[in-house]
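Presented sequentially are two complexes of chain A, the first with chain B as partner and the second with chain C.
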Partner chain A sequence: MKLELGKILIQDVQFGAKTEVVDRTLFVNKEEIIELVLEDDRLIGADVELARPGESVRIAPVKDVIEPRVKVTGGGVLFPGMINKVEQVGSGRTHALVGATVITCGRIVGFQEGLIDMSGPAAKYCPFSETNNVVLVIEPADNLETHDYETAGRLAGLKVAAYIGEAGKNIEPDEVVVYETKPLLEQALQYPDLPKIGYVHMLQSQGLLHDTYYYGVDAKQLVPTFMYPTEIMDGAIVSGNCVAPCDKVTTFHHLNNPIIEDLFARHGKDLNFMGVVLTNENVFLADKDRSSDMTAKLCEFFGFEGVIISEEGYGNPDTDLMMNCQKVSQKGIKVVLITDEFPGRDGKSQSLADTVDEADALVSCGNGNVIINFPPMEKVIGTLDFVETMIGGYEGSLKPDGSIEAELQIVIASTIANGYNKLAARGH
Partner chain B sequence: MNKLIVTNNSLVFEKYCNHCGVIYLKDVGYLDVLYAVRDRIHQSYVLLTHPLAGSLKPNQTPYKSIIITRGEAGVDTDSVVLIENSIAAAQKFLRDRNTPSWSEKILGDFRTVDLSLIENAMQKRSFN
Partner chain C sequence: MSKIKVVHYLNQFFAQIGGEEMADMEPELREGLIGPGIALQQALGADYEIVATVICGDNYFGSNLEEAQSRILELIKPYSPQLFVAGPAFNAGRYGVACGTIATAVEKEFGIPALTGMYVENPGVEMFKKDLYIIETANSAAGMRKAMPKIATLAKKLINGNEIDLPAEDGYHERGIRVNYFHDKRGSTRAVDMLLQKVKGEEYQTEYPMPFFDRVPPATPIIDMSKAKVAIVSSGGIVPLGNPDRIESSSATKFGKYDVTGMDRMSKDDFISIHGGYDTAYILEDPNLAIPLDVLREMEKEGQIGELANYFYSTTGTGTSVGNAEVFGTEIGKQLLADGVTAVILTST
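Here is the complex of A and B:
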């Protein structure tokens, strides 16, 4: 499968009469966006605000972040099975508005999700302090059941990102990157002397606010399967997870998976990137047995000599991570894990909830328990009402002057376990 | 296979008390549910769901629901290791900071999410 990704660089976002891109500025029509969102009668209110890098703006509570993209050629449309019909994606040409995002914001439950600061000390922990963000603040109908509100909010974000993405369809991109993975046997023959490397991508799949979707299928219902890496770039995987801010994989992070990006960068040079095995993180222990057995089986069958495994979440998913690590290793395949850690404030406790002897190579994405202080922002998009109940926050976190003292895990994607951040750990 | 739910969540008790066994530990904390499950594992019960299900940390949510089932005679070592690791992880979080006293509205939200985490497991009809 071969995909040309045309990157249209966006350096500013403004409201305008027409949603379009002109000279690297994205203009969005506020009324059209609100009208689009309110087509879903589960939502009774919507507003759109803009947040740009360097502004004194805090966004909270954040649900999802999505990069606007559009299919130009190649069949299928963005986010198949979610807001569009189910059709194979990952080929042809796709345009992305790089430097722009859609952020959904609004309460679903009293405790979840985190914040984004566009400037100040917390900004460096989050990639969205450097993007031009169209923030969608949504309000549910009275007494809307939580599952319905989560669905409505999720779909609203995807619809708006797809709507804005259309503005990039006929724009000449600033850069075109070509990604290609051939069918298995051809791919193996293309670089016969390079090590065959696979990526095991674990998807969050535990329940309400803890779900992920693959072509619209709830990941709880999946058995491990193969995915061409380019499918993820067209929105084949979408986030329904919004509980722990720091290691939540937003839809943006699925579209821009850094492990896939980096493996392609080295593809044909010092490794042969063979493809992706998708698996899940179910709560039912027998599902873990099944999924880890099948993941190891697929890795062996595809001839992987080395595998990177990433997870989403902490606790329950750590058991899946270790089962996958152990069973893939026992097939004689080298395994490297990548994840974030929760070793306590002093960093001295066990980092993960589970471990196996085979887990001897791990890249850390940082410690989510570290306390940070950040000052008040002039403007708040959304509300700070829930800061103290967000994961990482606590009673007294939100000071009277609007400054915040909280664990790093309150910042969106600060320790995200696929490595799309700037934190690491080094041994001395 | 007979499922037995150990929980301190009233929503879980109300939903499943007529479907299967439910040990409803009223007004106890997250760790107490883990301890109760550990005690039963030493009485030959086996874990069916992961004790740390959900991204809500042990010092965040007060609710925990775990499904177990009667095993063979003796003690299932996998279950012992898993529950002990889970207890250690929970104690680590609670050592840093205790679970706050939440408003009733937020407690309701925590109960809803906790229920959701075992619903998928409860739908499974066969022993797999």
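Here is the complex of A and C:
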């Protein structure tokens, strides 16, 4: 399967009469976006705000972040099974508005939506402090049930991202990158002398607002399966969860999975990237047993010599991470894990909830319990009403002047456990 | 500018009072510096002054841990020290434990930087490295000349509030404290590098050496539940409306004990969940899902269990550090034992 990804660089975002890209500036038509969002009668209000790097802006509570993309050629449409019919994606050509995002925010769904600061000392922890963001502020209908509110918010974000992505359809990209994974036996033969490397991608599926979707299937219902990496770049995986903000794998991060990106960067040079084994993080032990067995079986069957395993969330999924690590290692396959750490505010406790002897090669994406200070911002998009009950917040977090003291984990994707950021932790 | 006041701790041997025969010596204080204090004073420089030296025999300290600490704290209090240095103890085990104990106590009592030095195999390193900066030293007093400048350099950093460097750079035993920094490569790139090293059989270095996990063996089974006094302890964040103890929705620093006297079941009019790690929609409707009071009251009436304690303990599990959880568990256990509880149902969420 081969995908050409055309990257259209976006350096600014502005409101305009027409949603279009002109000279690296994204113009968006506010009324059309609001109209699109309000098609869903579960939402009774919507507003659009813009947030650019360096501005004195705080966004909260953030639900999801999505990069606008569009299918140009090849089968299928963006986000299959979610806002479009189910059809395989990952081939042909796709355009991405790189440097632009759609962010959904509004009254809290659960406890686990986060903050984004566009400037100040907390900005360096968040990848979306550096992007030009179209922020969708949504308002649910009165008494809308929580899970329906989550669904409505999720679909609104995807629809708006797809709508904005259309603006890139006929633009000549600044860069076109070609990604290709051949069918297994051919791929193995393409670089016979290079180590065959796979990626075990664990999707958050603890349920009850901790969900992820694969071609529209709730990941709780999955048994581990194989994916061509390029399917993910066309939105075959969509975030639907309110996991702790710091390690939430947003839909943006699925589209831009850094492990896939970095394995492709070395593909044919010092490794042979064979593909992705997709698995989940269910809470029942029987599911953990089944999924980890099947993950190890698939890794063995595909002839992987080494795999990288990433998780989403912390605590309960640490067990899935360790079970996968152990069982894949026992097949004679070398394993590297990526995770973030929660050793308590003093940094002295165990960083993970579980361990196995095989977990001897681990990459750290930082300590999420560290307390940081967020100075007041001139403008708040959304609301700070929920800061003290959001993950990372506590009584007294929100100060009268609008400044915040909270654990780093309140910042969206700050310690995301797929290695997207440069933040790491080490022993002192 | 007045000088920074330093108090130094030594055992009977380093204070040149005597060897093993003087190891039972009780704590005493001398004004100014003694023995190794000369090297310490030299390394700290003119802005610092060792105002007093406390001396205690190693055996006395070891056999009278509480007493020794409180007496030493009393002795040094009038000097209002701003910095405390113990030892270094090199490879002397009893001395190392004494240095670690008293430095930790001083740091806690006076809120001032307190540090010591030990050889890597000194048992005091393992016992106190999480609480203290312990400078890595040679295994004998021959290393004094090298140790004191390192102690002084780190002490000055602590006094001045300067950033502490990595263990290897500042010369202290790694404390097992996880500190954030920005790497020059992103995590995924480092993972690919590490994986290729591992696949090729080259050396690689994990970024997080797995810690020791404390596995708690299950208690022995209860033979006759009809005589058991049962209590419920939950990490599901169930609290009375209004969350009177202000328990956090994640990373809890406290637990609560809540009364259920006269209740047959948990009512949503009385209890909520403040837990931030799971979807509480169903538990908010029916708190018995987390605190199964309804079923346990029935079992109590039917005589299946002897008695149900008229309270439950509650905290939030999500993001709560093992360190905090150990403190909660130990305290809750003590209280339950004191109340004659013989069985606990831990409900997780």
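In this section, the second predicted complex is superposed on the first by the 421 of 428 C-alpha atoms of A that agree within 3 Å, B and C clash if a C-alpha of one lies under 4 Å from a C-alpha of the other, contacts with A are read in each partner's own complex, and residues count from 1 in each chain.
Just so we're on the same page, a residue touches a chain if its C-beta (ideal position, glycine included) is under 8 Å from a C-beta of that chain, and two chains touch if they have at least 3 such contacts.
Quick caveat: nothing in here was measured; it's all calculated off a predicted structure.
Trainee: In the superposed model on chain A, is it clash or fit for chain B and chain C?
Mentor: Because the two structures are overlaid on the shared chain, the partners are seen to clash.
Trainee: Comparing chain C with chain B, which touches more residues belonging to chain A?
Mentor: C
Trainee: Touch test for A:V336: chain B only (first), chain C only (second), both, or neither?
Mentor: The second partner, chain C, only.
Trainee: Using the touch definition from the top, say if A:H428 reaches chain B (first), chain C (second), both or neither.
Mentor: second
Trainee: With the two complexes superposed on chain A, say which partner A:P258 touches: chain B (first), chain C (second), both, or neither.
Mentor: The second partner, chain C, only.
Trainee: Would you sort A:G16 into first (chain B), second (chain C), both or neither based on which partner it touches?
Mentor: A:G16 sits against neither chain B nor chain C.
Trainee: Once the structures are superposed on A, label A:P375 by its partner contacts, choosing first (chain B), second (chain C), both or neither.
Mentor: Neither partner.
Trainee: Let me test your reading of the model: by the given contact rule, A:L285 touches which partner, first (chain B), second (chain C), both or neither?
Mentor: Touch status of A:L285: first partner only.
Trainee: On the A-aligned overlay, A:P53 touches which partner chain: chain B = first, chain C = second, or both, or neither?
Mentor: neither
Trainee: May I ask you to decide whether A:T319 touches chain B, chain C, both, or neither, giving the answer as first, second, both or neither?
Mentor: Only chain B; A:T319 stays clear of chain C.
Trainee: First (chain B), second (chain C), both or neither: which does A:G216 touch?
Mentor: neither
Trainee: When the complexes are fitted on the C-alpha atoms of A, one of 9-17, 117-125 or 315-323 in chain C overlaps chain B. Which is it?
Mentor: So the stretch of chain C that bumps into chain B is 315-323.
Trainee: Overlap the chain B and chain C contact sets on chain A and report the shared residues.
Mentor: 110-111, 146-147, 206-210, 244, 314-315, 342, 344-345, 349-350, 354, 369, 389, 391, 394-395
Trainee: Provide the residue numbers of chain B that touch chain A in the complex, in ascending order.
Mentor: The touching residues are 47-50, 52-57, 60-61, 67, 82, 85-86, 88-89, 92-93, 95-97, 100, 102-103, 105-106, 109-110, 112-113, 116-121, 124, 127-128.
Trainee: Would you pull the chain A residues touching chain C in the complex into a rising list?
Mentor: 110-112, 124, 145-147, 195, 197, 206-210, 244, 258-259, 261-263, 266, 270-271, 305-308, 314-315, 334-336, 338-339, 341-352, 354-355, 357, 359-370, 389-395, 407-409, 418-428
Trainee: Please give the residue numbers of chain A that touch chain B in the complex, ascending.
Mentor: Against chain B, chain A makes touches at 109-111, 146-147, 204, 206-210, 220, 241, 243-244, 248, 282-286, 288, 290, 313-316, 318-319, 342, 344-345, 349-350, 353-354, 369, 388-389, 391, 394-395.
Trainee: Mind pulling up the chain C residues that touch chain A in the complex?
Mentor: 130, 164, 166-167, 174-192, 194-196, 198-200, 204, 206-211, 213, 246, 248-251, 274-279, 281-282, 317-319, 321-324
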